[in-house]
């Protein structure tokens, strides 16, 4: 994805909202510069401000939404770092480095199919809104394990979202990748280019384009479906990070051209670039 | 000092008061069993409850005062452990093991001269009250570096306290050990045994007795003065601790009989036992 | 289905895999000081007393303890009242424990190991003997006897000649090649390997900038060293066909799970007992829960899974 | 009176004692990504680029990073584009920095050190060369060339023959006797010793219980290893008459102070830069404050105070 050289800085940000959203926690903090600069799919290196060495390092967290001076993040507490972040309360302070990474490329014109899995849904609210603002047709599919996670779909307020849960506790039952083939075909059919039966050529701006974030297995499945349909797919990849700025070589993703750093050359990659 | 076999346990205690007292912080928490059992000079192994590994271990902290179900401690934030304790606020929880250690022996009958230096004053409020309740004549001298520390003297509410500061910012100027010779002589003179000119024999219950807690150098000086006057002195010694229950051999104090564990054989020792 | 926590170290059967690390838990003192009745309700599957030596040792000059980031430095220096006192005064009391006793011994030279093992050989209260060849706090340069495979082998041989009891050899991580030392111990007759003893380290007083510890340097334990310990367990258990006792930074049931997966047959808790004196009582139950949600129903299935 | 922070590594003068640790700070990338203008406002007293090798290396299989208690495990595996690219593409840009450049090189065998040193010998942009003989992430058993005093000496000799530039040798703590390796390096012509590189360690994925790192094991850095590093600095600086660069867990100005007191002439910051990307800019000023309240007015006065 193209790098647009948005300068990142370190900020000390007060938390102004902290509330549970099912199994996740929504945290809003004041960060005017980040809110002014961040693009969908970019991330921040975030930790609770202060001297405590537990956790030691910040964690990469996607920008969930922006609202004037506020930046919102959605946290799934799974380990040392995210449990600490989920424990933040109003009045606590965050150390925030960002915005980082390339973000999604929104310059296409075809219909957009946005697909999220689990906490991978977090950065997609901002994305869906930005795509809609650019006048693109957007469909959004979110898959979760359980209802506790799936209530996060309510954060996509003004957007129609199809929810899937593995245990059928909310929305449709099943993996989000399952209905994808059908929906993609449907969207390609509705697209003005109307060249779907021959599988819209890659690069055809009117063809449907997929934007996805979630577990590797989901992204791999989506990538396969996209390539079967000749649809572009942009995937946001996860990796453990230390520096977040391309220095440590720690966050590499295996691509067809060798290792690429998720922090500085990603986290968004063309699905075709990834060596699944 | 004699061991009276008070069983110690581990408690999870809610903080109900946390306020600065000059350079120190006063923290009160609910701990019914500790409040019922603890004796002056005993200590607790205390850390903020929870999973954070910073700090890793509890710290030994003297019982400052008791008030029905409440235990009060006074904290001087000097390092990893005490800074974390001083950061506790109402509603936070403490992990507390105690009461531990032997405490002061209050069974004497003569006048008591209680001497504290710096944060060593913390456990003496409880001691002074207990001595007074036993009907003993009590004089209390507290020495501090600065006024910021010396305001802690206000915690000795109903007791007359003579304050000394090294920078003359409050009370008299100088080290608390300086006036000691004079005061001791005065008290011995006033004592019913009236045998001071020949230096009251050790073990004479009517002779003045010193109780001290503070930096090693202060305790050593006091010990010298006490032995010059043939007065008993009990000193509470400081040591880094890990287990607090006599298991790790980490907290030893050099005594005339070899190393002794501050946690289980102290922290209060007869001044004459210590190899200064 | 309920997971079984039963495990064994050769012929020594343990009800669950969690024991205490030598020098960090004194059941006699703890029973005296704490309200808990530790002799009837003992949380560990075996009891390892503090290491004893042929002669009493007063230990190193204080200060002996200092907390570092997620770790504890100690320089106790094997303070103990000597093996005679241990046998005469402590053993009879320890025999009341409902679990096996693993006596820990150390020497100032290799022959001490033989002498100490001989003194314990006839004591039925002692189920196994751990040879601590790895205390970094005896020599000033922190060089334990166990830094040298040959001296280690000699110490083990002498102990082996003295007793047929289960011999556990406790190794230091402060070596270039811990597997080589473990192999030397195994060849000399060890039945089981304990890893790790503390990692050598040092701290300065923040104000005076002189070494904090009276002994200048000390041994690092606690969560900080867990990655070092896990690697040692992994390497030693793969290289040798002997049971391994894993330790170093174990603080949660998840840690116990990981050490077992790395290849340990039992796991010892040291520094974490200082942090949470009732930890041990909870761990076995929590371990069972962690095993069951992963569909693991025996320690054998878990051990070496990594 | 104002404390002077000036220090030197042999003939190399530094404005203050704080430099970056190789592999943890990339000034070209950071300048591109961050708003700060790092080329004009460079926080470190010298710049140490990531270690380069004769041939490009893709590095180890991911995952390459995992946080442990107060520490970071990494298994990057010396991913780099090779010394040619470094010389042609990076060096001209790095020459714009207002501070000396200390190039870091590593080899797969001893002769690589000679070849790399030779390629840098004629480059005026390079003020000094650090021989990284201590990366634990190249061999699977974590055994670096620097685990062996003789191989270390050979690598140093070859580099020494190739260049008269200041030669720094960076040692691994994963040895029985780090002083012996330092002495071998010194005898072979090293001008300065860096300690420590990372401590070998390992972590398991909490759910799968398989090694987290693609390379199985890795190197531990950060505050967890500070006691190990401080001890290495203390021992090496006392045993040798060479300047020492201290590193390992340095996170605060107090830590810098302690490493200098332990015997270092300069101190490197690695993992802490990940925790706080603007740390370096603050440290020198904070260090001066800590020196002045202790009445210490020069690094010489401080160095080795412990």
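Labels A, B, C and D are assigned to the chains in the order they are written; within every chain, residues are numbered from 1.
Methods note: contacts are C-beta pairs under 8 Å (C-beta built on N, C-alpha and C of every residue); 3 or more make two chains touch, one makes a residue touch a chain.
Owing to the predicted nature of the structure, the values given are computational and were not obtained by experimental measurement.
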B-C against A-C, pair bridged by the larger set of C-beta contacts: B-C
Farthest chain relative to chain C (centres taken as mean CA coordinates): A
Separation of chain C from chain D, taking each centre as the mean of its C-alpha atoms, in whole Å: 34
Whole-Å separation of chain centres (CA-atom averages), chain A against chain C: 47
Separation of chain A from chain B, taking each centre as the mean of its C-alpha atoms, in whole Å: 57
Touching two or more other chains - residue numbers and ranges from chain D: 69-71, 206, 222-223
Where chain B touches two or more other chains at once, by residue number: 53-54
Arrangement of touching chains [line / ring / star / complete / other]: complete
Complex interface listing, chain D residues touching chain A: 23-26, 29-30, 32-36, 50, 58-59, 61-67, 69-72, 74, 76, 79, 206, 222-223, 251, 271, 273-278
Complex contacts: residues of chain C adjacent to chain D: 68-71, 73, 141-143, 147, 174-177, 199-204, 206-207, 209-211, 217, 220, 222-228, 230-231, 234-235, 249, 254, 257-258, 261-262, 294, 302, 305-306
Residues on chain A engaged by chain C in the complex (per definition of touch): 53-54
Chain D residues within the chain B interface of the complex: 69-70
Touching residues (chain side chain B, partner chain C) in the complex: 5, 7-10, 47, 53-58, 79-81, 95, 97, 100, 239-254, 258-259, 264
